[in-house]
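Next come two complexes, and both contain chain A; in the first it sits with chain B, in the second with chain C.
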Partner chain A sequence: MELNGGSVVAMVGKNCVAIASDLRLGNQALTIATNFEKTFPITDRIIIGLPGLATDVITLKERFRYRVNMYTIKEGREIEPETFAHLVSSTLYERRFGPFFVEPVIAGLTKPSEGSVPFIAGTDLIGCLTLPKDFVVSGTASDKLFGMAESLWEPDLGPEELFETISQTLMNAVDRDAFSGWGAVVHVITPDKVITRTLKGRMD
Partner chain B sequence: MECSFALVGKGYVLVAADTTAARSIVKMKSDEDKTKVLSPHLVMTYSGEPGDTVQFAEYIERNIRLQHMRNNHELRPQSSAAWIRRTLADSLRSRHPYSVNLLLGGYDEATSTPHLYWIDYLGTIASVPYAAHGYGSYFALSTLDRYHNPAASLEEGLRTLRRCIDEVANRMAIGVGKFKVRVVDKDGAREVELPPSVSVA
Partner chain C sequence: MSPISQPTSVAFNPYAENGGTILAIAGLDFAVVAGDTRQSEGYSIQTRYAPKVFRLTDKATLAVNGFAADGNIFVKTVKQRLEWYRHAHAKDMPLRAIARLIQTMLYAKRFFPYYVYNILGGIEEDGSGAVYSFDPVGSYEREACRAAGAASSLIQPFLDNQIYFKNQVAVSGTSHPKHLPILDVLSLVTDSFTSATERHIEVGDGLEIYVIVASGRSLTELSSIAGIEEVTGSASATDRVFVIRRELKKD
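Showing the complex of A and B:
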């Protein structure tokens, strides 16, 4: 985790969810790139965040794309967030004794016919799921993210308030972490659209 | 001390690699070419574990060539990079992984844009405006942070590259020797000469 650095956070709002990641890719203390997004769209209503070893981040992004495509073809419908979380869990547990070094965060909304209920989940590197009601943090700044999220998050935030909350949480957490930062990307998933914004951050 | 640099300019990518082949503290050769022209618009530099490097580079070179012959069309830089990365990532979790770091520079004829990829032996890939591998990266990246210009002409790009090489030569405890420089643009890949170094006060 400390080899490449990087952090991700997801939060629940009122009929919306947000997920955000920093943009740094490093080799220990040396920054290699400042455009490395760790969030990847799975469907129009699900986004996964994959902080950790960068090679596994890319490998898993590709593997999830393959598995979700296979699911969509076999089932003839889009995957639901909860199902996808279990797919992530089993994909990681397949490598129980030689794991992928990532700690995924999943954010999504259930289908509109089921009320667009917010869903967030996190797993450890071998796929142990956690399903909190408020927020999930992950990556090298996870301890700082816990502190920020714990003090800023409140229930029933609308899309714009949630955007502000998650942005402030991430920015202030990564500024105290040497392995994360260099800007961030924030996605807010609402029933009718995904709002994506790129943030500038401290460059030190 | 092995090191390689690369940078993107206006419509071109420059890649450079040192030319010393050393074993421990002994310099065995000073004209080793650690770059490869993979296809008309794709070049790469390679460094890492001796033995692995040439073996892997030739494997990549022949497969990219095969792709070109089979489809009568060269593989685009993005696709080549993705395939090379996958090869390294699969190798990482095999019984004997390749220990090779690459800088991949290409010119995409379809969109008329230059591309540069930083790839390491783990299969990490980053699309970047400038990159370096080896101890040289600790010196050259700061120089590139200051002087790199994505809209620079080839002459200006070569001067920036010269600054990097001079900086490394100045600051590194062990000398790095000569560099082999290649450029790839709309006219394809070719070798270029570095401008003479300008003395810094």
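Showing the complex of A and C:
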């Protein structure tokens, strides 16, 4: 995890979810790139965050795209967030004894006919799922993210309040982490749109 | 038994890590020094009440975190040195002098250190609230706030955000306050510890908050706080020390 660095956080709001990642890609202490997003859209209502070993981040992004496409064709419908979380879990557990070095975070809304219910999940590197009702943190700044999120998050935040909460959580956490930072990207998923904003942060 | 004696190695580790977290915030004319009261070793809780914050004088409190045995001996020795100073000079040692004393005492053991992080809080000679933070070998700095110990990584970014207003932009034409009111500071301290208690296994049980108030300051805000207790040493003291005790989750 400390080879490339990077952090992701997801939070539940009222009829919305947010997921955010930093933009740094490093080789240990040396920063290689400052535009490396660790969040990837899966459907119009699901985004996955993949902090960890960059080579595995890219491999898994492609593998999830392939598996979700196969699911969509076979089932003739879009995948639901909870189903996708289990897909992530089983994909990682396939490599139980030679794991991918990523700790995914999943954020999504259920389909509108089921009420657009917020969904967040996190797994460890071998796919052990956790389904909290408040927030998920992951990556090299996870302890700092825990401290920030635990003190800033509150239930039933609207999209704009949730954006502010997740942004402050991420920015202040990564500013105390040498392996994360260099700006951030934040997505807020609402029933009718996904709001994406790129944040400028400390460049040191 | 072999006739040739084999070399044997004797491993002895003179240090332990006893968990817990401490925190201090300086105000304009006050300082707040807080610590939880859990003491642990590994996954075991040794006691739910082991104070980490100590009143040194009527203008100084010291919080020690890390190896509890070293911490207790260190506080004992600092108190002894302060008593000697009182006998020699017929007054309490000023805060900045205590800070320098702590540095020399820590560095004196540079090659067998006291395994503790120290945070000193109190009132400067000019009446301003001050916080000094130290590493185990005596490197120190005066700051507005500092968290140390097991949950420092959880609390320090929160303090950056709420005390220094990092990553926040003031409404145009206004600026962020340099010092926060005492009740705001106390809320931040309790919030920091309740959050750290939720997410860190070594933090919890109880919270002790020492408040050191400069001589000229009004005490009306403090009198509204439930269960506040004055622990000022001498009746003639101008600066005053109070302690607020709170429960934290015990799981």
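FYI, the second predicted complex is superposed on the first by the 204 of 204 C-alpha atoms of A that agree within 3 Å, B and C clash if a C-alpha of one lies under 4 Å from a C-alpha of the other, contacts with A are read in each partner's own complex, and residues count from 1 in each chain.
Here is the rule we use: contacts are C-beta pairs under 8 Å (C-beta built on N, C-alpha and C of every residue); 3 or more make two chains touch, one makes a residue touch a chain.
Everything numeric here is computed off the predicted structure, so don't read it as measured data.
In the superposition on chain A, A:173 makes contact with chain C only, not with chain B. Judged by the touch definition given at the top, the superposed model places A:58 against chain B, while chain C stays out of reach.
By the touch criterion defined above, A:150 lies against chain C but remains apart from chain B after alignment on the C-alpha atoms of chain A.
Legend: residue contacts after superposition of the two complexes on their common chain; A:33 is shown touching chain B, with no touch to chain C.
In the superposed model, A:138 makes contact with neither chain B nor chain C.
Shared interface residues of chain A, touching chain B in one complex and chain C in the other, do not exist. Residues of chain B touching chain A in their complex: 85, 88-89, 92-93, 118, 120, 122-128, 131, 137-138, 141. Within the complex formed with chain C, the residues of chain A that make contact are 143-144, 146-148, 150-152, 167-168, 171-173, 175-176, 201.
Listed in rising order, the residues of chain C touching chain A in the complex are 151, 153-158, 160-161, 166-168, 191-192, 195-196, 198-199.
In the complex of the two chains, the chain A residues touching chain B come out as 4, 25, 27, 30-33, 35-36, 53-55, 58-59, 98.
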